[in-house]
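One chain, chain A, links the two complexes that follow: it is found with chain B in the first and with chain C in the second.
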Partner chain A sequence: MANDREVLREIWDGKLPICFQLAQEEIMEIQQPDAFYVMVPRLSYFPLVTDKMKRHFLRYISQENSDSEMWLDYNGQPLKWHYPIGFLYDLLCGNDPQLPWHLTVHFTKFPEDVLLHCNNKDVVEAHFMSTVKEADVLKHRGQVMSTMQKKDHNQLWLGLQNDKFDQFWAINRRLMESHGDNEGFKHIPIKLYSDDGTCSQRLVSPKNNDGSRKTLQQMVAELYPDKHDVQLRTHGVIIPSDTPLQWLSEHMSYPDNFLHLCVF
Partner chain B sequence: MMSATTITIEEFLEAAKEFVKKSEKVCDGWALKLDKTDIFKTYIKKDTFIECPDTTALYKIEYVIFYNLSYGVPSFSFNVWNSSGMLITLDDIRRMSFLQINQKDFYSVITQQEHPIFQRPYFIVHPCHTETLLAAFRSSSKNIIVTFLGLITPLIKLKLPLEFGYQ
Partner chain C sequence: MGDEKQTDNVPSDLSNATESLKIEGDQKENGDASKSDKVKIDILLKATGNAPIMKKKKWAVDAEKPIGWIMEFVKKYLKLEADEKLFLYVNQTFAPSPDQLVKNLYECFGTDGKLVLHYCKSQAWG
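And then the complex of A and B:
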C-alpha cells in the first residue's frame, strides 16, 4: 500500500515554470506577441494545461492555421504530449536544468512522423486509461481495473485533469494494493529511457529469487550487467539505489501507474 | 513466466520464425527482423501496395507484428502512406473501404499509439481481448501467429494464403 502520504502529496504538488514562445516564422502581426508564462503540474499532460496559452497566441498567427493542431518543441525537438510533463523535462533537461523551461509553440508543419495526433482531450483520456489498464495487467493481471465501475475510471481521470489529489487517490489507492498473501505486485510497471529517448521495458519482479525485497540497485545490476554507476532520475530527483522497487512503484509512479525513469 | 493464457517471448520467436518460413514458401512477403541486443524488439513485417479501386490512388501499407510484453501476446500494428509519402489519418483509414475494416469496432479497437519498438506513431490493435481469445484456441493452434492473424482478419482484410493453415 502507498502509505507515505507526504511523499505522494509532495510529488503531486510538483510544478514546473514554463515560458512559451510562438515560433518566429508563424508570427503574422507587426507587433510581437508576449511570451506566455505559466506554472504547470509535473504530473499533468501538455494538452490539459495549454488552452489559455493557445488562445493567447491565436491572434498572432495566420487565420488559415487557427484550426490546425498545435504542437511544442524544446530546442528543435518535438515534445511528445502523451508523456507526463515532468518526465519530459527530466528526460530533456535533467542534466542541464533550466528554469523557466523555454518551449516553442507551433501551429503549422505538424511532425506527424514523430507525434501522435491529439485533436481533443478525449484522446488524452483514452491514452491515459489504456496505460493505467496496462499497468494493472502487470501488477494484478488486470483484475483491479476490470472490477472497477465506469464512474471510478472517470474519477481517476477527472482527479488528474482537475488536479484533485484526494479525488484521484481515493481510487488510485486500490490500484496500489498488493493481492493475496503476496507482499507486492506481480510485476512492477516500469519504463526506462536513455537520454537519446529510446525506451526499454522489462518484466521486473518486486522480489528477488530468495523472496527478499528487490532494490533499485539490484534491478539495475540485472538489466545493465555491463554498466557501472547507472543512475536513475524521476520527478527531478536521483533515486537512492537502495530504494525497494515495491515502495518506489507505490509512491513514485506517475498517475498512469508506470514508473518513468531516466537512465544516465 | 509461464501462464495458461499468455505466451512467452521464446514461444513468440519460435512461431515467428516458422511463420516467416511458410511465408517465404508462398512468397507472401513477411520478413523477420531479429534484434540480437534486445530480444523484445524482434518483430515480423510485411510491406505491400494497395490501389484504391475508386480513385486508382496507390497506398503503401506496412504491417508489423511484435511481442507485447505487458499482455504477453502478439500485437498487430500498421501504417498507411499515400503516394506523396504522407501518413494517412485514422479517419481516412476508416473511409478506405478497400481495407475492409469492421466499422463497428473501429475506434475502440484501433488507436494511434507510439510504437514500443520504433517509438514512432503507428496504428495498433488493442491487445486487451487478444489474451482471452488466444487462450481459447491455444491448445489446437499449430502456429500461434497464424491463429492470431485469424483473429485480426475479421477486422482488417489481410490476404493470407491458405497454405499457412497446413503443417
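And then the complex of A and C:
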C-alpha cells in the first residue's frame, strides 16, 4: 500500500504555469486580447481548468463561434484533453522545457481526426472513471472498483476535479492496496509513449520470474531488448532505473491509476 | 470456441460497407498473420443489453486500428443512425477510449488468441 505520503503530496501539488493566447485568426475585435496566465495542477485535465480562460477570450471572437468547442494546440500540435496536463507537457516539452508553457486557443477548425470531442465535464468524468476501472482490472481483476459504492466513485472524481488531496486519497488508497498472499499488484497499469505520441500498453508484472521485485531497468530490458540507454520521464523527472515497478505504480501513477511514461 | 467460429460470408448487402472499411473476415485459423504485411488481431463482438446481434461475430482486424474505428464499423454493420450511440466494453468492465489501439487492448486483455468486445446501445457498465 502506498505509504510514502510525502511523495504522493509532492506529486499532487505539481503545477505548471501556462500562458494561453487566442489564435490570431479567431480575433474579431480591434483590440488584441491579453494573454491569459494561470497555474494549473499537473494531474488535472484541460477541460477542468479552462472555464475562466474561455470566458476571457469569448468576447474577442466571432459570435457565431461562441458555442463551438474550444481546443488547444502547442506549436501546431492539437492537445488531447483526455491526457493529464502534466503528461502532455512532459511529452511535448520534456526535452526542451519552457515556462510558462505557451498554448494557443481555438474555437474553429476542430481537428476531428486528432481530437475526441468533449462537450462537457461529464465526458471527462466518464473517461476518467473508465480508465480507473481498466487499471483496477490489471491490478486486482477489477474487484476493488466493483465492490466500491457509487459515492466512493464520486468522491474519487470530485477529489480530482476540486483538487482535494485528502478526499481523493481516502478512496484511492484502496485502489493502491495489494491483495492475496503476495505483496504487489497482479499487473502494473502502465502506458508508454514514444515522442511521436504513440501509446504502447503492455502486460507488465511487478515481479521477476524468481519472485524478486522487478525494477524499471528490468522492464525496459524486456520491452526494448534492442535499445540501449532508454530513459523514462514522468511528472517532470527522469525516473532512476533501479526504481521497483510496484513502488512506482503506487506513488507515481496519475489519478487515473496509470503510470504515463515518456520514453526517450 | 467452435460455436463462435463463423464461416458464412458477409451478407451481400453489407459487402460495400465492409469493403470500404477494409475489414477482413476471418477466413483462416490462427497463425497466418505473418503472411500478410499487417498484423491482424481476432476480435469477437458480443451483443449485450438491447443491441442487435451481429450475424458474423468474429473478425480479423488490423492491430494498429483504433477502437473508434471498430465502433464505426459495428454501427455501419448494424445500420444504426449516425446519432445513435454505441458503447464498447472490455472484460465487461470498462469502455476503452476511442483512440486506444486494438493491439494495446489485445496485449493486456486478450484471451485464447482473441479480444472479446461487448457492445450495446446504452451504457452497460458505467
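By definition in this document, the second predicted complex is superposed on the first by the 264 of 264 C-alpha atoms of A that agree within 3 Å, B and C clash if a C-alpha of one lies under 4 Å from a C-alpha of the other, contacts with A are read in each partner's own complex, and residues count from 1 in each chain.
In this section, a contact is a pair of C-beta atoms (placed from the backbone, for glycine too) under 8 Å apart; a residue touches a chain by one contact, two chains touch by 3 or more.
For clarity, every value in this text was computed on a predicted model and none was experimentally measured.
Chemist: Will chain C clash with chain B on chain A after the two structures are superposed, or do they fit?
Modeler: In the arrangement built by aligning on chain A, the partners chain C and chain B clash.
Chemist: Classify the contacts of A:Q31 with the two partner chains as first (chain B alone), second (chain C alone), both, or neither.
Modeler: Neither partner.
Chemist: Considering only the touch criterion stated at the top, classify A:Q149 as touching first (chain B), second (chain C), both, or neither.
Modeler: It touches nothing on chain B or chain C.
Chemist: Contact-wise, after the overlay, does A:E112 reach chain B, chain C, both or neither (first, second, both, neither)?
Modeler: After superposing on A, A:E112 lies in contact with chain B but is clear of chain C.
Chemist: Touching A:Q63, do we find chain B (first), chain C (second), both, or neither?
Modeler: neither
Chemist: In the superposed arrangement, which partner chain does A:N120 touch: chain B (first), chain C (second), both, or neither?
Modeler: A:N120 contacts neither chain B nor chain C.
Chemist: So in the superposed three-chain picture, is A:Q201 touching just chain B, just chain C, both, or none of them (first/second/both/neither)?
Modeler: both
Chemist: For A:H82, using the defined touch cut-off, is the partner it touches chain B, chain C, both, or neither? Pick first, second, both or neither.
Modeler: The answer is both, since A:H82 touches chain B and chain C.
Chemist: Touching A:M129, do we find chain B (first), chain C (second), both, or neither?
Modeler: A:M129: touches chain C, not chain B.
Chemist: Do any residues of chain A touch both chain B and chain C, and if so, which are they?
Modeler: Residues 80, 82, 116, 126-127, 130, 133-134, 137-138, 142, 199-203, which sit in both footprints.
Chemist: Which stretch or stretches of chain A touch chain B in the complex?
Modeler: 80, 82, 112-117, 126-127, 130, 133-135, 137-138, 142, 189, 197-203
Chemist: So in the complex, the part of chain A that touches chain C is made up of which residues?
Modeler: Chain A residues touching chain C: 80, 82, 116, 126-127, 129-131, 133-134, 137-138, 142, 145-146, 153, 187, 199-203.
Chemist: Quick one: in the complex, what on chain B touches chain A?
Modeler: 1, 38, 40, 69-71, 86-87, 89-90, 111-114, 116, 119-121, 126, 128
Chemist: Can you name the residues of chain C that touch chain A in the complex?
Modeler: Checking each residue of chain C against chain A gives 90-91, 93-101, 104-105, 107-109, 125-126.
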